[in-house]
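Contents: one structure, followed by commentary.
Chain IDs A, B, C and D follow the sequence of writing; residue 1 opens each chain.
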Amino acid sequence: MSHRSDQPATSAPGDASAGAPTHWVLTLSCPDRPGIVHAVSGLLAGLDGNITESQQFGDAGTGLFFMRVQVTAAAPRAELESGLRALEGEFGLAWTLDVVGRPVRTLVMGSTAAHCLNDLAFRQRSEALPVELVAVVSNHTVLEPLAQFYGIDFHHVPVTAATRAEAEARLLALVEELDVELVVLARYMQILSDDLCRALAGRVINIHHSFLPSFKGAKPYHQAHDRGVKLIGATAHYVTGDLDEGPIIEQDVERVDHTHGVEALVALGQDVERRALARAVRWHAEHRVLLDGHRTIVFR
Amino acid sequence: MSHRSDQPATSAPGDASAGAPTHWVLTLSCPDRPGIVHAVSGLLAGLDGNITESQQFGDAGTGLFFMRVQVTAAAPRAELESGLRALEGEFGLAWTLDVVGRPVRTLVMGSTAAHCLNDLAFRQRSEALPVELVAVVSNHTVLEPLAQFYGIDFHHVPVTAATRAEAEARLLALVEELDVELVVLARYMQILSDDLCRALAGRVINIHHSFLPSFKGAKPYHQAHDRGVKLIGATAHYVTGDLDEGPIIEQDVERVDHTHGVEALVALGQDVERRALARAVRWHAEHRVLLDGHRTIVFR
Amino acid sequence: MSHRSDQPATSAPGDASAGAPTHWVLTLSCPDRPGIVHAVSGLLAGLDGNITESQQFGDAGTGLFFMRVQVTAAAPRAELESGLRALEGEFGLAWTLDVVGRPVRTLVMGSTAAHCLNDLAFRQRSEALPVELVAVVSNHTVLEPLAQFYGIDFHHVPVTAATRAEAEARLLALVEELDVELVVLARYMQILSDDLCRALAGRVINIHHSFLPSFKGAKPYHQAHDRGVKLIGATAHYVTGDLDEGPIIEQDVERVDHTHGVEALVALGQDVERRALARAVRWHAEHRVLLDGHRTIVFR
Amino acid sequence: MSHRSDQPATSAPGDASAGAPTHWVLTLSCPDRPGIVHAVSGLLAGLDGNITESQQFGDAGTGLFFMRVQVTAAAPRAELESGLRALEGEFGLAWTLDVVGRPVRTLVMGSTAAHCLNDLAFRQRSEALPVELVAVVSNHTVLEPLAQFYGIDFHHVPVTAATRAEAEARLLALVEELDVELVVLARYMQILSDDLCRALAGRVINIHHSFLPSFKGAKPYHQAHDRGVKLIGATAHYVTGDLDEGPIIEQDVERVDHTHGVEALVALGQDVERRALARAVRWHAEHRVLLDGHRTIVFR
């Protein structure tokens, strides 16, 4: 996960000069060994920082240690950063530093289904979801009025087999140009190339339907209906090369029964999808999701 | 599903001679066409029956119609049965008739895990789960004290590759001898042969863990842990030839997170398993589950 | 519940003259006694109706019987209606008849919170929620752009202690003029008078937050936070004289913990509110909710 | 919460002399100010402790800071304790120290309902619930065979208005004599006196049914049925003077509908009760529950 916050920036949030303390969020991971917490808390205490929220987890399986701290401190960003850099060598520390609540610059990709975009845009506006929706990119035009209502720039980028490479280049250019930190695949019905997935690794969240058992192949809702499933679900996850198989951030289910036809299953599925996606986006934007190999640590 | 109730029996429940009305439960299915409900309700009205609960469902996909009726009536069983038989030809009706609340004779198969047996036995005793637990059959002996505490006969039937056929013959003999209506695989860790599955089709309920996505192969909980799933689930279903693939009766999930190690996942999984299994057994025993091809209709 | 459908109307849906069968939804209630189902199914069979969905329930406590039937029939509405009227006397039958899927004319009242209005409008447009949103009435103006985006007429009706009676008169006039069948109080933060509640009895659905235990008095979220509740919920119900005490249609909860401040509780509460309200409105609009004294029967 | 662990004990767990590190769980609370985490982590690092799990929370409302740490360390208990005592003055620290997984000595009180006792005893035996059930105390005798099956001493202590004081004295004597750390009211249908509640403050967990809205007075399930609630719930909480009003540890709900009679509601309610109680007992026994005024912090 790359965050704006670890880039030098003279006017970045958190640089308020005179005394008004900033509320920072710090995440870090490193091989697990004694002394990490003491070193980090020492750094923060030395800067007169007051820890307001902190969670740690040591994964006995991978031998990695993870930590997320929210701390109020009056020290300038540079001082925090140099303190953290000083720990990199000793502990093999990887870290990110951001200001609590800073809106993460987010690009939403969709096709025709509006439920996820509508939900994210509404929550951004009314529920303090800490994202800034800088663009909607779609291979169709049906989402344009919704984007306009929420004041989000809409980019129509049609995709055919022949133009896929060009379309992905256009997307990457937008990501660059708009300083996009997070791409959300909000029921975007096109496969992304492996190259694109790698280029944006850890910065793309996808949502897809999930069933117990899972159904391979086409028309999964038809298969689920034929099998008479009693639960339908959705999984939000980071995208890796294998589109539907990256580290899981959030999952949810809804109860169904024999009276639900395929259309009703799809409608209920959309409800679960937007709920799970909204949570995943919020947790990511609040720097609550850390990668632990193929798993996620979610410090809710 | 075969029920005691469709066998002629002079002293069967519901034959109380003088006037005291019996509370019947009737299930039926047939090709969907106008007039079925009228014909059935006419039969019941003609016997002065009072419908206390009724549910119907027409599956537009399979063209089948399903109905479950609870009715109080003073008429003797023979009269009800001959009325129903009269409708068989006209509507292609399949039906079952039983007395509401009659305990279904149930045999539980287990191996070493006790959670499902403990839960069923406790609910039978204290929550009016309408089953009579006539035997526990196990390839181990650890469940024997628990069975004894609940006053259930325990049969130790070890299974090896060499004795599988013999063990299954012993099971079938017990089913016959004890007049068993329902077999519950309560974490029984042996594969049943196709022949046995067919012989007991519609009368065996299995419970197994389920994940989104599902994990094939050995050690599914380890796979689920490695993938960082956020939900673990369980599926209760009728057994067909393909052990884990029969018609689903009930599913449930429990929320987990990165702090749950494999053992904790297993413990939570057991909680979901016993809950889903108990519901499936109750609904089956109350004749609320009807088969619709590969799906179930559950009239809860 | 009063439905458009029981009014004489020459061009009402379902009057299509020639042969194309209509999909009807019929609800009825009456004192429970033998023969009702037979009489109703006889009426429908006599009109060559084909029952596609049917649910019945006899409440042993109140002695009332409830039924909801979906039936396809080519007979004109008048014939169905006269058949039903013929049963009124014999069985003490109360009934409604409507066409499946006909949008119920709905007026939404709100104040400043947009989550419920946004959710209903979005579901109406994209999830086949069978309502027509004919007006938004608010004592504030913040909901106006949202209403406009969804093409719903917006009426600003300010309310002060001095103008309450006038405001309610204006509401009643709108209900009359726009032929409103259902009023949804979507976080409308004004108390309705007893007279208004009575005038619209059975046609007003309200949503409010709910806790276990419940908290009386002001600032319930603050109270819930102080008490450290682990669940917050919402209840959708019909409005009677006592605003928060009418028959319950739907309830739902969300899990919270000590890290949720009052603001976070409110945000999660809004999520539960819109979910529970959307379900209640759908079930009402699909004629799935029948009143049984102070309870509801919900034929989902 | 008083734990065995903060008492001097020469042979206490964790005193293993030679080198084999002990897995400790430490909880602490104090007024929130900079430097606490640093001081505690410094103490642990100085003892070569390795933190395996840690959670912190600062309550902005009460100004209190809470922390739970699991740490492996080879240092003897006395060294840890003296280090912690050294911090008491500086930070106003309150703390507890125990060995991870040490079974908490628990006394269960019940009347006639067996579901909670059965669930706790089963989980203790098969799911590593870290409690030792040292006694069952009941004003009835129906739970005696169940207690015997699980090998728990059963004490029949009848209660009448005349003998209440005597019965409570007997209970307190048992608590003393058996070194009881936790008392679980597992549907114990007698009111405890204020004096007893105070004497055992923070050491008694109660479970009771909960509804939205709540129902005061007798027969709450009848009231809930009359009102047509769609959810029934349960709340597990610490007992204070006001029996049903102490700090909430856990809550859960189950969905119900109009077909559930009062008996069915009670049966489902028991399911929710035992689930919520088992979680509360587990979290308490694992020292995951900290008191924050009238709220609990649950570090799950």
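Note that contacts are C-beta pairs under 8 Å (C-beta built on N, C-alpha and C of every residue); 3 or more make two chains touch, one makes a residue touch a chain.
These numbers were taken from a predicted model, which means no experiment stands behind them.
Of all residue numbers seen at the chain B-chain C contact, over half occur in both copies; the interface is built from largely matching residues. Interface comparison, A-C versus A-B: the pair with the greater number of contacting C-beta pairs is A-B. Ranked by how far their CA centres sit from the centre of chain C, the chains are topped by D.
Computed from the mean C-alpha positions, the centre of chain A lies at a distance of 37 Å from the centre of chain C. Between chain A and chain B, the centres computed from C-alpha atoms are 43 Å apart. Shared contact sites, meaning residues of chain C that touch two or more other chains, fall at 53, 57, 60, 259, 300. Residues 57, 59-61, 210-214, 225-231, 233, 235, 244, 247-253, 257-259, 261, 292-298, 300 of chain C are the ones that touch chain D when the two sit in their complex.
Put simply, chain D touches chain A in their complex at residues 32-38, 41-42, 44-45, 48-58, 60. The touching residues of chain D, counted against chain B in their complex, run 53, 113-115, 118, 122, 126-128, 145, 149, 259, 263, 267, 270-271, 275, 300.
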